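As written, the chain order gives the labels A, B, C, D, E, F, G and H, with residue 1 at the start of each chain.
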Amino acid sequence: MLAAKILADAVLRQGVKQCLAIPEFGVERRGAPVTAYARLSEKPILIRTRIYEPDALVVLDPTLYAADILKGLKAGGTVLTNCETDALERLKAKFPGRTFVDVPARRIAIELKLGSPSSPVVNTAMCGAAAAVFQLCDLEPLLLAVRDSVPAKTEANVEAARKAYSFAHERRHAPA
Amino acid sequence: MLAAKILADAVLRQGVKQCLAIPEFGVERRGAPVTAYARLSEKPILIRTRIYEPDALVVLDPTLYAADILKGLKAGGTVLTNCETDALERLKAKFPGRTFVDVPARRIAIELKLGSPSSPVVNTAMCGAAAAVFQLCDLEPLLLAVRDSVPAKTEANVEAARKAYSFAHERRHAPA
Amino acid sequence: MKKVLMGNHAAAVAAALARVQVTVGYPITPQTQVYELLAEMKLNGTLAGEFIAAESEHSVMAAIYGAATAGARTFTATSSQGLAYMHEMLHWVAGARLPVVMVDVNRALGAPWNLGTDQTDSLSQRDTGWIQIYCSTNQEILDSVLMAFKIAERVMIPTMVVLDGFTLSHSYEPVDVPAQDDIDAFLPPFKPELTLDPKRPMTFGALVGPKDYLRLRRRMAADMAEAERAIDEVGREFGERFGRFYGQLDAYRCEDAETVLVTSGAVGSTARAAVDALREQGLAAGNLRMRSFRPFPAQALRAFVRPGMRLAVIDRNYSPGAGGIFAQEIKAALYPRSSASVHGYVAGLGGGDITVELLQEVWRRVHDAAAAEPEPASWVEDAR
Amino acid sequence: MKKVLMGNHAAAVAAALARVQVTVGYPITPQTQVYELLAEMKLNGTLAGEFIAAESEHSVMAAIYGAATAGARTFTATSSQGLAYMHEMLHWVAGARLPVVMVDVNRALGAPWNLGTDQTDSLSQRDTGWIQIYCSTNQEILDSVLMAFKIAERVMIPTMVVLDGFTLSHSYEPVDVPAQDDIDAFLPPFKPELTLDPKRPMTFGALVGPKDYLRLRRRMAADMAEAERAIDEVGREFGERFGRFYGQLDAYRCEDAETVLVTSGAVGSTARAAVDALREQGLAAGNLRMRSFRPFPAQALRAFVRPGMRLAVIDRNYSPGAGGIFAQEIKAALYPRSSASVHGYVAGLGGGDITVELLQEVWRRVHDAAAAEPEPASWVEDAR
Amino acid sequence: MPLLEGDPLSFPRVIVSTRSMSENRTGTWRTLRPVIDASKCTGCLICWKYCPEACVTLTQKVPVIDMNYCKGCGICVEECPAHCVDFPAEEPV
Amino acid sequence: MPLLEGDPLSFPRVIVSTRSMSENRTGTWRTLRPVIDASKCTGCLICWKYCPEACVTLTQKVPVIDMNYCKGCGICVEECPAHCVDFPAEEPV
Amino acid sequence: MKTSIPSNELMSSGHLACQGCGATLSMRYALKGLGANTVIVIPACCWTILAGPAPLSSLGLPVLHSPFASAAAAACGVKAGLRSRGDVETQVVAWAGDGGTFDIGLQALSGVADRNEDILYVCYDNEAYMNTGVQRSGGTPQGAWTMSTPGASGSTRPKKDLDAIILAHHPVYFATATPAYAEDMVLKFTKARAIKGFRFIHILSPCPPGWKSDPKDSARLSRLAVQTGLLRLYEVEDGRMRLNMPLSKRKPVEDFLRAQGRYKGMGTAQIADLQRRVDEAWGKDPESEP
Amino acid sequence: MKTSIPSNELMSSGHLACQGCGATLSMRYALKGLGANTVIVIPACCWTILAGPAPLSSLGLPVLHSPFASAAAAACGVKAGLRSRGDVETQVVAWAGDGGTFDIGLQALSGVADRNEDILYVCYDNEAYMNTGVQRSGGTPQGAWTMSTPGASGSTRPKKDLDAIILAHHPVYFATATPAYAEDMVLKFTKARAIKGFRFIHILSPCPPGWKSDPKDSARLSRLAVQTGLLRLYEVEDGRMRLNMPLSKRKPVEDFLRAQGRYKGMGTAQIADLQRRVDEAWGKDPESEP
């Protein structure tokens, strides 16, 4: 959820769009897969329900593609992943018609000592990547949002967001 | 309240009338004055409220006449008391038009070792007297009712009821 | 056999006759004699099952919850603050679909302290999922507790039998106590389908998602509808066996009544005296006693009401910001089909007497009102 | 200043801005972040007053009771089982006429366990004497908490600000946080007349007889009527100061609407999207959002309703044996003056999504129904 | 007649207790009456100390029992070390 | 479409749990994967004893970890006295 | 004045207690020790009634009535409320019966003790639910009759060891008291008043209707409880225990029991057993916690 | 098999606990000791989730979920219900967290202990409200961070002495346990099963997210708690205490604290202070109640 909050905050700072970030309801257990939703719009956002057919997906945990989380994604939608392996290719094959962008969030987090190697904390890195891939906001509001939202290891997290943003930004502008 | 229950029970055993005995509502503290009401009728009793203008009154505590408990009593009504002193005469003077019947319930209770001399328990004796004075029932159902309702010192209580009944019965039949 | 019983004792005697298997209790005025008599009956063997003297009402209902899930027929009694203290558990037990029977002796809720009878304690549990039955005599208390087990076990919904504090709880009157054999024939042993049993392990109360939750509540709604029927049918069966008939509603001299006093609890008894008095004066008065409040007898009420009828609803209860609760629910149930007018009167809160005289006055006010247009609830009192 | 806040944080921030003097808390999903943020603000000095971390919700409200009688402005937040556990104290604090402000985060009550949003927790407190305000956005949460203090302190009635679990409590969106100075100008310090003070000893809550009890409750009724005005007036003043206007009701595209979706809480926000969609299809749809539930806005509602209007009432709550609570109370409030028809729909219990699609379907069903004659509540769901 | 009269707003929101309970004369509860024998009294004040009604006054050498309140519990009779409190039956008024 | 279908009475009054939680494969939670080196393993069963998932099976001399459930907590890695459990990163599926 | 007891009376005559009520004596002494700068919080118990129906009060202090389970929490709320308004002086006292302390109020009490809230909690222990007409509480001793333990054997469970439970919370001050030792009680309240943090005083309080004793015996029974060794008068400050009333010779417990109708069902064997347990407790360790 | 631990598994895989959860280990061992003829009552706590959402169950036994404050009372109700139907054999176990035991469940627990109800109450103590995301409970140790004691100093109040509170009720059986000593724990449950009356087992249960520790360290931390002397493993039967794990040499408490993020705010002074207190407690009376 923190990731959704950071993105909403960054979008607010950018000043163009509105953002409403909604968590999956129910039991949350450390380590268990969780889901969250975010709506972005230039008009006030009225709808406050889950999103059944998202335009875009961000998957923080690279081990989660077994779950059928991709099924609701609209054709033509974009998926931001964190695979760094050839699993990505298998995914692409399995879900044709979607755009996949893969970011080494895990590597960035480990480099910056966010979390432990057994469970690296990738959310700020993935935020940065998402901001760039989905053109949510510029780098500056993003970094301000991270700085305001993360009380511990703040600078490392800001750095993670920056690195991932840059990485994804380049990717987006590079020929596909 | 026990007195009211015994009377209701005796009336039921007599088999002619119905009786509904209602307590004063609220805080009851040992030693503090309490009030209770009873309705008697040959038809089913529907009214379940306090009695504001009783036909008859029974006063168990001889020290209570200072309270204005007599004021609601209908003219021509009967008061059963437990004074044994010339206070009775003062009462009669103060409330003309009411019939007073005085019963030595206190003496009976002390004789039969009911309660202690400082606070004798007069309820069964007064029950007996009331049954006789107000012609609620015969002696037998009364004594059965007492026996069934009083778990401790049963026989002494039965005896108290019998003595008071006899005393009052004679009184009622004696010229006023 | 007829016995002179106080209302509280009628309740306790009924529970014992119903062969309750687990009774849990806690004292509170004006309910305490239920608890005390149960303790005494346990001692002398008249009460056969287990008896737990809990340390608070929340635990009373928690223990009842455990016992009922383990498959026992259960009983308790409380009042006022005690009922309020177990509120969380009331919701829980209803959601768990356990046929618990509880007596509530009406008493006003604080602040401030007050011991008088007042239905707000039980009525403010109206959304907890309990069946509620209101009694008007000590006989009806005993009978209703017996019927409550049968109703509750048929629809698997806990049932609250409600009686007026002091007015019934502490009043003595003759009560016909049926023989044990006859009761056993009326009320067979409780044999639930699902219980806590190591031989057939299952979990009760585990987390469910919204789809299941919605359907569980819809099932509850269906069973509540079934409970409307059950109250009437069990009341009829009881009448056939024991000569005293009961149902959701109890109408008195209403056939041709133009204005009807709508009452509940012991006021329903006094109201008949008021109706008799009004009839003697040549007035077309009637009394409708609402025996059941949950499930709300909406169908029965709609069937009862005639166009143009005026209902003078006596509420010895008050929902702040809404008004008298019976009047409110009656209006909702009649909306918008009926042209009857509903006139709410709040009276007797905190134990004030609702006298024959007061009831007649209210009846006259409603009967003589210029228009049939209802005003917001009026507050009335016998000034004595 | 605009900040991205989750609904729970909006509530906590508002309490701190209201300069609450005593806050008491206890964790429960989905309210916990209110409690946690208050603890954090206490630590860093943003929350000036006393902060008590109680050991249960009953004690939370008991401590609030003590603090408020001692003259402090008080705040707490809870949800579901926690709210139910303090039920006895809710009655008590209302009877004591203390202007406590509490946030309730809606969540379904067990059994069985369920964490989803469901209004039955707060609505089943409808007879406890609390004002209840339902919010539809995080902004409205913050604003409503601030207004709640002003309303509560004006009429001396405790006020519950209610928000949907997860849907609001855990959602992040931009919220305009007013400056402290502006809030201070809007909300002066709490200066009660009667407090616990050894210099002027007096007793609170002592036993009263029925005559006084009846009159105290009638006074409460009069203050509840005053609260209807207060909610509108304070909402208007708030609007004048901060640009966001509030009242008992919030109507959207209702001027010429034939059929109106009546909603409360966050569904009121989604319903507007549904209304927009229906309007785009050329249909005369509107949305009425019930902001206040206690006191029930009966007058305002009667003023709103036009003859022949159809009300499609969405109840994310359920009173067993009665139905959806908003529908029930709306019917009672309109009885018998109105020719509007009221159609109850129970939906979204236990956290089920009430989607734009579902709302449109319901609207169409009501709009297209053959007769205006209402049926008993229908149970609906978005099957996804 | 039955309608509650007066503006509801003229009634207070809460009823606080500010008057003393001493308005309530509990002397009527008494069935036995403690009587101090001044000649034997040592003025030890034990009767004052143990009176649950706080109705033994200290103003004089020999304590005075306020019969408006004395409930006749007999503690003073029992506790008086000089055995100088008599305890006859109360007279009806 | 939106009306709940079916007879409400056909839904149970309560939902009891009778099926095993083992239907839920928690192996997806794992980011690191314990791998026992059979050659070093002494069969002491300490990994079996301390597994919070109860997913180490005893059927063989060298315990087998059921990867359908292992969440990769690493307790077995830490506790193995023979230090024979390796703990590499999990591969995405 | 032959006594150290202050003469001012904050508790008035005219209250509604039964004749010979120990709970009124206790309150009377407590207030003499506490003084007027005190707020009293009273949950449901006899004192709900004794404090007077509105608009009367038998206590010349601010009083807050609160629900049965809530005394400790309400008191800590009052303290916080006063503190938040700048009043750090006023004492806040929770005054509860044994039912409201041993049973239904225990959770809130433990919470307040755990947080070391700055209040004084007083339990006047008459060993049953008296206000509802004598039912067993956790404070009822083994063998005592009540309306809910009506048999000859009375309550079959021993009295809950409240002192040990409270002491497990390490209160800054703890004391036991009983009205027969009036000076001792006043002193303890005076002392408690001066201490900050969570304090507790446990009073054994005779109750004629509940104990089935003669009203005149209330002081005598209170004294006998101490003289027989059934009740120890002691204090614990900062974890150090001090026995206030060491006994060189104890009276037989029978003296205490026989004067009360509630123990009528106790046979000689049970009495001897109780005597043995008291002897053991004192023999083992006369200065330690009972 | 190199261990005395029974191999049957009543707790299934697939449950929803966090990685390295001590509460699941505890349940696993407990059921091995208790056997299948057992009903488990679970109030609100992590185990509400771990037992499985309907219609799944991770426990091969009858389970009753109950509201937060009600575990003990519900369990005694189950026992009474079973007894009333003729089943006197089935064990009834209340299984609650520290929040549901030290705080909100304490009243019901005390009541059940007071009445000596025939149940086994187990508190798996992970030292905070974990199911709601780590807030302070009465079981949280001094100095520990939680979300509601977020400062560097963490919780300022010492951990409530639950053992002393329970022991004040004289349970027929009392024991402490922790998963690192699995054989010991299984044995204690086997023993408790055979005893009638009120029994209590207090388990210290590591919780990686709440303790901010590495999941792999859960067994190690559980062991360190004992080896540092912070946790004593002992039993009390019929009032007699027996230390199960006498320590000849204790490890420094720092070993335990430093492996947990929740103690990050504890400075050397505070750690030294805690060390001193542990030393004193052991030095004073190595065999007595802690």
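The criterion applied here is as follows: a contact is a pair of C-beta atoms (placed from the backbone, for glycine too) under 8 Å apart; a residue touches a chain by one contact, two chains touch by 3 or more.
Because the structure is a prediction, the values reported are computed rather than measured.
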Chain E to chain F, fewest steps along touching chains: 2
Furthest chain, CA centroid comparison against chain B: A
Message: Can you tell me which chain lies farthest from chain C, using the average of the Cα atoms as each chain's centre?
response: A
Query: Between chain B and chain G, what is the separation of their C-alpha centroids in Å?
result: 39
Task: Could you put a whole-Å number on the gap between the CA centroids of chain A and chain B?
output: 86
Statement: Expressed in whole Å, how far the mean CA point of chain A lies from that of chain D is 34
- line: Flagged in chain B as touching 2+ other chains are 26-27, 31-32, 118
- prompt: Where does chain H touch two or more other chains at once, residue-wise?
  reply: 16-17, 19, 48-49, 51-57, 60, 63, 65, 67, 69, 103-104, 106-107, 110-111, 114-115, 138, 208, 214-216
Query: Multi-chain contacts in chain F: which residues touch at least two other chains?
result: 4, 8, 14-18, 26, 29, 71-72, 74
Query: Inside the complex, what are the residues of chain F that reach chain D?
result: 1-4, 8, 14-15
Message: Please output the residues of chain C touching chain G within their complex, sorted ascending.
response: 25, 27-29, 32, 35-36, 39-40, 43, 53, 55-56, 81, 85, 110-113
- request: In the complex, go through chain B and note every residue touching chain C.
  value: 1, 4-5, 8-9, 12, 18-23, 25-27, 45-50, 52, 145
Message: Help me check something: in the complex, which residues belonging to chain C touch chain F?
response: 96-97, 156, 194, 201-206, 208, 212, 214-216, 218-223
Message: Under the definition above, what is the set of chain G residues touching chain E in their complex?
response: 1-3, 5, 7, 9, 11-17, 19-22, 24-25, 28, 51-58, 60, 63, 179, 182, 208, 214-220
